[in-house]
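Down below are the structures I want you to see.
After this come two complexes, each holding chain A, first together with chain B and then together with chain C.
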Partner chain A sequence: MKLTFLIACCVLFLGFPVAGFAQDTPEEAQPADSITTPIPAPPGNVTAWDTENDHGHSVSLSWEPSPDDGTGLGNVIGYIVFRSDSPDGPFVDRGVQPAGASGHTDVGSKEEASQDYMADYVDYYYKVRAITADSLVFAESVMVGPVQSYGQWFNTGRIPVLVFVLCFMAITIFFIQKAKSGANLFVRRLAGIEAVDEAIGRATEMGKPILYVLGLGTAADIATIASYTILGRVAKKIAEYQTGLIVPCYDPITMTVAQETVKTAYMDAGRPDAYNEDMVYFVTQSQFAYVAAVNGTMLRERPATNIYMGKFYAESLILAETGALAGSIQIAGTDEIAQIPFFVVACDYTLIGEELYAASAYLGREPLLLGSLKAQDYAKAAVIILAILGVIAMNVGLDGFKDLFYISN
Partner chain B sequence: MKRQVPLALVFIFGIFMIIQYFIPHEKSEWVYEFFLDWIYIIGIFALALGIWSLIRVSYDKIKYRRPNWQYAAITLLGLFFMILFGFDYGRHIFSAEGLRNYMFVSFFDYILIPIQATMFSLLAFFIASAAYRAFRARSALATLLLLAALIIMLRFNPYFGAVTPYIEKTAGWLLNVPNLAAKRAIIIGVGLGIVATSLKVILGIERAYLGKD
Partner chain C sequence: MKRSSIIIMLVVLAMFVISWLAKASSMAGVEDHNIWHGFLITFSAFLTLAILSFLYKDNPFYKFAEHLFVGVSAAYWMSMGFWTTIVGNLIPRISNSLSAFFEVPPIADEWALLLLPDSVTFFIPVILGIMLLLRLSRNMGWISAWPLAFIVGSTAGFNLVRYLRSDFIEQVSSTFVPLLVDWQGTGHFFSHLNLNASGQFVTMAGNWVIFLGVMCGLIYFFFSKEHKGIFGFGSRVGIWILMVTFGASFGYTVMGRISLLVGRLTFLFGDWLGLIS
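Then we have the complex of A and B:
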């Protein structure tokens, strides 16, 4: 009895490491005497190729699922992909796919220092193992390779974007040329922008300043760049009317650019002497500390008009509601979808989405800017037509229509 | 010349960024990341300008005893002490150094964070007041808005028994059809606006950000 127990213990202690080793090395023979689950058929037709449209360091694989995956024996629960840089191994685990899967992308690191580094232009060999609930029972495919990874110089998956950008550039340049030649371009009405003059006039009559908030965006955000243009136009009118201007900034780079913009506007208005650098000042880069500072300014200075243009987040409603409580006329514009309803509710006028980008052209009435605005309108019309065509195509079974616009990452 | 050089730089780097989008190669990524690093470098210099601006504006308020100048004094004191604590390197009165300094962490955790949380919590009250204003049924459109809002709010109320599935269905339709359609329309418009503005900047049509000097 004691001898039997001793032998059983020896088998257990020696058996575990062997089983563990067998899990990590595909070359390891399966211990036939321990098999209780039937061995499934291996995945077939394994192919490996360099992943397309990437920066390299990646290989894609595809295979035909094992006949025992879902059908047949039905005991395949997934697949493990193994890779080696030599046909003789050793092979290392590069990822697991669930049952039913027929592909895997092996993505390595591009950092040489990383353990996961995968060199480009190096031969690699792959095997795919169909696994069962019993870790000792599996079936491996035939080894495939060699295959090399490398980066591409053109992302063919982004051709629709390229076509769109080129078409849009052509339309924009066409309308700019048309505007330059003196053609009278009709521009749609923007109530929010038409109210700017009225708001500046009100501030002048009341002898109170105008508060201009550029939002929480950085100088690299397009919404902030659009806001600079509006700030320039507004500051020019303010300089002409000799009204006060307050521009508290969230970002120091934004502040520097805004100072230049306002200074230029005052010079254009012929009133460089009225410009004071402290009109545009830095507050803080902490979101709610910034809100507290701007709210404090609203309640102390009681500006006649608050203009919010740029990128806004959770602070939008806190700012706009405080401004409404302070009795200011409020004009807002943002491209942040989630914040638009807040501005619509709390402000007198709101520029919705792309109207923020159209505002600068509308305010300036310069032919070059109006040309680009017309291009924007025509592009929108084209998008609407394509959307209608898409609906029709999908309803009549022309599924290929949507593939024309497929963009890969 | 002072205007031509920045415009040329904007054009060259703008075009590069457009082309880079279509080149996934590692070398293209490296150049892209290299340029992005410059934003941080410029940001550090600009931060110094920003702090200088804050000090100057606050100092003027204190010097000329402008209304509520005390707030400016608190701002400067806060700035000064946080810098002092942040630069302290483990002298005996403090238990840690730099950003782990006891006073620095205490000011941050027990003053700044609660104040910020208070500001954020104001949003709840402002949402209520804004909702009250928006949902007053003054016109046909406002009434429609009120009804839509009611259905969306009732969706989360479990006490309507057999009617609940219908409310959920209607709310789901409101969110997934008219609401989503409007959202997508705005997103498409914003996308076009971004491309148009980017083109204007790259081509030098939009140059308000440049200044005149």
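Then we have the complex of A and C:
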């Protein structure tokens, strides 16, 4: 009797944990020594879909948090997302979310050589595991899948950009056609540009050259493109007056375009013979070396007029101060906000920001440029109206108006 | 050359040699190659002072430093352009044998433009680059207009969308600010008036400045109407706001420039003359 009781106790106290170990696998049920941590309920309603508006290699997931997350047993501390390319596994960890989370985006690399590579158009299977403070106590959702990732050609999150581009293009084309039809499009006076003719005349009377600096931008910068148009107008006037022109360039491609611009201007003025390729030359692509060279030119050649039009950086004040030292009349224009103050204090006339872009239209009165300028003005008017509407909407609680302008990455 | 100029040059040369020898001897026993390092530090100080001499007037020392700077920088950027662009970016994509010759690892297909491998598509910029170089030829210089048109046109196209998004649409939506923040009546407003940065008054004042500043700034840059009457008043307010902003930017930038000067002076008084540690 006593022996039977002893054997029964041994079976109870020894057999139970043995049975528990036999059943335990890393991905399945939990061992008996976690008896103090109850098993939580798994997250429910797990769904997986291809992440929208991306270049692929990404899957988004959502789930209902476990009933034991924050409530019930309250022992869920987070969620781990597992992925496999086969329903039978093996599943790999693809990210952790804290308690209370109900979604996750599994983003992989597009590089085949990367360890994190996630191929498109491949079936993936997902499971979401609710974890507790005890790493061996967890609950997994049912597996979902297959789901494939792929890129989208059209990003619907950027529709506001498309709408604005189309509207702006439509307005621009309208006003260009209007300008071409001979309509008189008014542009208000710009003091800095009206001074250009006066400055060229001054240089002609003094028999000194004009220095034109295109700035440090590349040939594709907007400010540099606007500067080309102004350079063309200035060069044409200079060709008519037979004044000298010096155009030191920072960028080789900018120099190439500037040479074409000046050459064309001389031809338009009927003075192709007066054009000299050495007028427009490359200096160096180092910022302060360029400035040192231009400063030297200013003090040696003593130009009567310095025109700075384009993109400038820290060298703006050095240029303007040296020009003032040399006694030149100076006209500047840039869209670099940080440099405008330096030009304002050191130059005689300054074109601020968009006045530089308007200057090219103002000087040439070409339909293409005038129409563009008018379109910009109407766009500004639209911005003013939208801003007033937006402020009214914010103040009456219509926050959805602002969401119309939201652009996703 | 004038006699005084020759004397000045000889004096500067003598001072250079004396400084070099003094610097080298002060570094002896502390580091190897002290004569060479002493020369480099003395030469750097000489070039710094030569550039700063421009503040007095143009002179041969400034001209020397200027031409040296221009020449070295032009050669440096040409070399950088070759090694980073041609060898670093082009060759590894188009030729494994050239990659081995230049000892750079080949780059696997990354772009797959038009479903063609990079080793084929990267010849497009090579051809455009050669067309651009034809500018040097009198007869075929016109060919360079095509890649120039491609560069200017494509970049303008990219920038249109980029700037429309960042500088236009997002700026417009950022202007949608509430002008009355946490409004609970004028009594509550005046009784809780304070200059707390996150307080009601400061937040409201900031929002009013943003709204009015944007409106008046846009009015200033409106070119289709004369700035007269109420429109002119808005334009004047706009330019005032712009000038206040420029003034603040000016002061901030001047501080940055002074810090650059401090760096140069630290080199002269510390590394060269050894007067400061």
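By definition in this document, the second predicted complex is superposed on the first by the 288 of 409 C-alpha atoms of A that agree within 3 Å, B and C clash if a C-alpha of one lies under 4 Å from a C-alpha of the other, contacts with A are read in each partner's own complex, and residues count from 1 in each chain.
Here is the rule we go by: a residue touches a chain if its C-beta (ideal position, glycine included) is under 8 Å from a C-beta of that chain, and two chains touch if they have at least 3 such contacts.
No experiment lies behind these values; they were computed from the predicted model shown.
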### Task
Based on the superposed arrangement, let me know which partner A:Lys402 touches: chain B (first), chain C (second), both, or neither?
second
### Task
In the overlay, answer first, second, both or neither for which of chain B and chain C A:Phe288 touches.
both
### Task
Have a look at where A:Ile340 lands relative to chain B and chain C in the superposition and call it first, second, both or neither.
both
### Task
Look at A:Ser360 in the shared chain and tell me whether it touches chain B only, chain C only, both, or neither; answer first, second, both or neither.
first
### Query
Touch check for A:Ala113: first (chain B), second (chain C), both, or neither?
second
#### Entry: Which of chain B and chain C A:Glu321 touches, first, second, both or neither
first
### Query
Which partner does A:Ala393 reach: the first (chain B), the second (chain C), both, or neither?
second
### Query
Touching A:Thr261 in the superposition: chain B (first), chain C (second), both, neither?
first
### Message
Just checking: does A:Gln152 make contact with chain B only, chain C only, both, or neither of them? Give me first, second, both or neither.
### Response
first
## Note on the structure
chain A positions within both the chain B interface and the chain C interface are 158, 161, 165, 168, 218-220, 222, 225, 253, 256-257, 260, 283-284, 286, 288-289, 292, 296, 300, 314, 317, 337, 340, 342, 344-345, 352-354, 358, 373, 379-380, 383
### Message
Help me check something: in the complex, which residues belonging to chain C touch chain A?
### Response
51, 54, 57-58, 62-63, 65-66, 69-74, 76-77, 108, 110, 132, 135, 144-145, 148, 151-152, 154-156, 159-161, 163-165, 168-170, 172-173, 175-180, 211, 214-215, 218-219, 221-227, 242-243, 245-247, 249-250, 253, 257
### Task
Spell out the residues on chain B that touch chain A in their complex, using ranges where they run on.
18, 21-29, 39, 42-43, 46-51, 53-54, 56-57, 60, 67-68, 71, 112, 115-116, 119-120, 122-123, 126-127, 129-131, 133-134, 183, 186-190, 192-201, 205-206, 208-213
### Message
Touching residues of chain A toward chain B in the complex: what are they?
### Response
53-57, 110, 120, 151-155, 158, 161-162, 165, 168-169, 172, 176, 218-220, 222, 225-226, 228-229, 231-232, 249, 251-253, 255-257, 260-261, 263-264, 267, 277-278, 281-284, 286-289, 291-292, 296, 300, 314, 317-318, 320-321, 335, 337, 340, 342, 344-346, 352-354, 356-358, 360, 368-369, 372-373, 375-376, 379-380, 383
### Message
Which residues of chain A touch chain C once you look at their complex with the stated criterion?
### Response
111-113, 158, 160-161, 164-165, 168, 185-188, 190, 218-220, 222, 225, 253, 256-257, 260, 283-286, 288-290, 292-293, 295-296, 299-300, 314, 317, 337-338, 340-342, 344-345, 352-355, 358, 362, 373-374, 377, 379-381, 383-384, 386-388, 390-391, 393-395, 401-402, 405-407
